[in-house]
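Take a look at the structures listed below.
Shared between the two complexes below is subunit A, which has subunit B as its partner in the first and subunit C in the second.
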Partner chain A sequence: MSRGIWDRETVALVLLGAIFPIAVTWLSVAGAEGLWRLVFFLVVAGIWHLVWMLARAQPPSFAGVLTALALALLAPQELGLPALVLSTSFGVVMAELAFGGWGRNVLNPAVVTLAFMGFGYPAAPWPELAVQIGWAALPAALIGMVFGVMAPGILLGAALAFGVAWLAGVDFTASYAAIAVVLVVLVAEPVASAATAPGRWLNGLLYGGLVTLFVVAWEGAAPVQLAVSAALFTSLAAPLFDEIAIGLWVLKRKKRHG
Partner chain B sequence: MQVPGVWTQAWARGLSRGLDVPVANAPAPVEPAEIETRISEEAALLASAEDDLRIEPLVARGDSVAQGAPLFRFRRHPEVAITAPMAGMVAHLDLDLGHRLRRIALFHDDGAGRYRHDPGAAAQEPAALRRLLQDSGLWQAFRSRPFGRFPLPAEVPAALCVMVLDTRPGAADPRLAIAGGERAFEIGVRAISQLTEGPVLICQEAGAEVIARNILPRRVKILTVPRIHPQGLAGVQVHRHFPARPGAPVWDIGAEDVLAIGELLETGYLRQTRLVSVSGDALREGRLIRTQPWADLRGLCRGLLRPGPSAILSGSLLEGQEARWLRPGDRQVTARVRRERKEGAHWFRSALSRASRPLPLIPTAAADQALGGGVAAMPLLRALSSGDAETAIRLGVLSLLPEDLALADYVTCAQPALSALLAGLLERIEQEEVA
Partner chain C sequence: MLAREGLLATLTGPLLERNPVTLQILGICSALAVTTSLDTALTMSVSLTIVLVLSAAIVSLIRRHIPGTIRLIVQIVIVASLVIVIDQVLQAYFFDISQRLSVFVGLITTNCLVLGRTESFARSNPVLPSVVDALGNGLGYSLVLIVIAALRELFGAGKLLGHVVLPLAEEGGWFTPLSLMLLAPSAFFLLGGLVWALRSVLPEQAEAPEVTPPEPQEPR
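Then we have the complex of A and B:
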């Protein structure tokens, strides 16, 4: 009783629980083929976690399951086996394990993998997410916020940006599902996003802004592709947002306390 | 089951930020008159080699000492004395090489009487007050931030912080401790406000004001603090309202010690007891007890413990340490069931768990709340975990002490403990300051 529960693995498990609605809805749509994709990514990510555990004594993490699930949901289809193995290995090893495992990484391994697939195999078709998967993102976000593993600032900031864009006449109907799923599964993930309250709002706003920009100006982009690209740029900017938030806080305190 | 660290709890409390830590057998609130007074037969102060407490003893083994009589003076600061917490006989006085104190222990004997200090003009004159506090041992009731040492004899604080609430899990309400002594408390507040030119912050819960505002100097401010941990820690309040800096130290003191200063000024006698809360899952029931400083913790738990192995901590569940005697400054005792350690974890498991230190910290609502919301929690914890003194100072770490991070340790299961990292960091910063 003399310790709390919020260590790394608890957070990973609670995150998994939070995105459970998305996973279930997606599996009911994708069926056996989706399950096979999930198992494939689980095996590839799991093998790399095992290798790093044996070679570097780096404990494996349930966060690997998060990565696998995100990849099964969002990875381009009809990519050959070598391409899938290569890009997944790149993402998992270079974005997560090489930094010391989940919690020390700067970028989300799933985002890096997806970006690698997008740049490396531009001809591969991105998946079309069914509408109900997009709706499942709502309860997922709610669970994540209530249990404190997803920051309200990121989710509400993004929602705010989308609301403003929608009022300005931008049409999100075609891309809603992809945008919502990427927001909840990739952008709101606590490690690779901003960690201060104002930084999180900026983080969410930037994601919303970038998605809106891509929807309006990027012709021919698939919904998942533009959402993943926005997620990549957003998580690259996250440390900057934290730095801005800390700078403002220090300035405010200097003014008040001298 | 109560899950600490959930956003909804923070929302339910409005802007107040913190966490409820469940504690077994927290003492039920009682009327001040019903609180049992229990003076333990022995009392002792232990010091370790790291404390480096070099003293000049004023008594010898076997001497009879009155309650409040000086026992020893510090060699480095001969102005400051430590006094006897109860009337009795000096049972042990163990010194190491270089006059380092290892242990001083007393046997209780009421016949030795009480020692009267002469308050003189201390209520009006700051210099006389300093002398009186330093002679009576009440000087040690102050703690100076940054670095959390006892204030130097000539140090002048930039601000004072009086804590009239304690939000540690299972802690006794300091308002209960000073109930009935409002007059002495007021005298105490007036007196210590002479020690500084800066503000005197009195932190209390919402409700009736602990001291009438209109009779006090304008520098004395009464702050209302929500009753949720860690808001009742002096560090959190100092950080928010008057950050401590080297050269501009902030002292903090508990309400009951201010009351003791008031009583000393009024009567010349040192207060005999302090209110201590006894709680924990190894007890049959929790209880509030008035006892002397340095009290025997086993004596305090006598009649309350359940059979079976237990560990008695001086301090709360979060920051307490296993001890035999009540440590100076602590007002809480926690008796915890001692769980058997699993024998011989597999070598591979222990290799895995020991190889990657410090463990990564994942930002969650719980981690944010564990620092009270006034700090950018994750950047500060990450700076501590990576030993980045510059960023930590920028984020206000100099107002904090290890006890202020005990809740963050509890919540995040950080290894090595963040409070230990902070202790090391503060020591390093202090050495650099001196150099």
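Then we have the complex of A and C:
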């Protein structure tokens, strides 16, 4: 992706700009404690980016800021310092830097970190996201779509799934904020999601479907926990959706041109 | 390989340079399954090493009499008989551990490591080198198993062989156990990290890259 000014860092910066509404709303709720969390995750991710720049000549990326912001928003509370450092290092190194940096990773480092925290320290309580953070996800999604860094297929596909589930009588009021924030910040991130147009719709639909399933059937799950789990499974399935989309395209071409 | 000084190389080679688990990625399923605690890993290591050495000795003894067309069947029969003996011994004297190892002792029969060594080495070498080679490979397998199991038990439960090393926070200590270490994925992570570390130290073990990423170009 090097067309004029649209290189990797531009995409990362525009993504940061897009989720700015969420960040500001969250900071106004979380206050100084939230700011400290953000600074902590920025430092840990930044150190790893620096280490990999020095060891492997991999250019550091603003995507590290995206990861840190997502972690500050969604990481479980009351984890000790070693636990936080360990899980953040695992996510940033194993999910992103070891693959060659942002753009070559298969899974979103923030999703991997959150899953690691969830499985590794199941006793730690997940954060409660305030309602207004959920509403801030709407302008964030809009900005992302207008500037072309978030795929409309993913966001609209997920919205479609939620719409159908809502009409069928599923109650999203308790988990709305977490679902919307995870959708915008983690699922719609362009690297770890599907890259073909039909694949993106399937990607969004699967996220919506999984979240609905978890809301209905997963007893005792925190809203952030079920949304992050759905995001993890969705990004695992994203290459499959691309494969399906490409297979369909090849089939169509064959039918038309013999 | 058959010379006197070659025997030592046959024994020590499979420990790091030609380790069956980290270089050939053999015997993974049992290596991942039994490493939640150190005692099961130790039992498994000893059982596998014994089976490996004895089967290599027997196969090597009768190597001139095994018909080529049914050699795999003959080898599996030999290995399976030995595994049954080991399994019975474990059930008789270490019933508790044998219960926790469940099917994995029985599955030594199909362990690629055992068949790989009998098929590729013992079948075409005299008894002494075959036994030494089998012992080396068994020790190499045990080394990986013990390292992974020690890490998993230490960080997952704060213990080693059942003795408390890191006092848990819920019992008045300071250590918060990492429950992930007791789940199967952590064995994959640890083994992957181990392979990564080993291949960084010994770069000749690394495989050639399958693709080279394209150089970034200026848009035209």
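Quick note on the criterion: the second predicted complex is superposed on the first by the 255 of 258 C-alpha atoms of A that agree within 3 Å, B and C clash if a C-alpha of one lies under 4 Å from a C-alpha of the other, contacts with A are read in each partner's own complex, and residues count from 1 in each chain.
Quick note on the criterion: a residue touches a chain if its C-beta (ideal position, glycine included) is under 8 Å from a C-beta of that chain, and two chains touch if they have at least 3 such contacts.
All of these numbers come straight from a predicted model, not from anything done at the bench.
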item: Which of subunit B and subunit C A:I246 touches, first, second, both or neither; value: first
item: Partner chain(s) touched by A:G4 [first = subunit B, second = subunit C, both, neither]; value: both
item: Which superposed partner A:G100 touches (first subunit B, second subunit C, both, neither); value: both
item: Touching partner for A:Y121 - first (subunit B), second (subunit C), both, neither; value: second
item: Partner chain in contact with A:A168 - subunit B first, subunit C second, else both or neither; value: neither
item: Partner chain in contact with A:M53 - subunit B first, subunit C second, else both or neither; value: first
item: Subunit A residues contacted in one complex by subunit B, in the other by subunit C; value: 2-4, 100, 104
item: Subunit C-touching residues of subunit A, taken from the complex the two chains share; value: 2-4, 80, 82-83, 86, 90, 94, 98, 100, 104, 116, 119-122
item: Sites on subunit B touched by subunit A in the complex; value: 3-8, 21-22, 24, 242-243, 281, 317, 336, 351-353, 355-356, 359-368, 376, 378-379, 382, 394-396, 410-413
item: Subunit B-facing residues of subunit A, complex; value: 1-8, 11-12, 53, 56-59, 100-104, 145-149, 151-152, 190-191, 195-197, 242, 245-246, 249-250, 253, 257
item: Contacting residues of subunit C [partner subunit A, same complex]; value: 176, 178-181, 183, 185, 189, 196, 213, 216-219
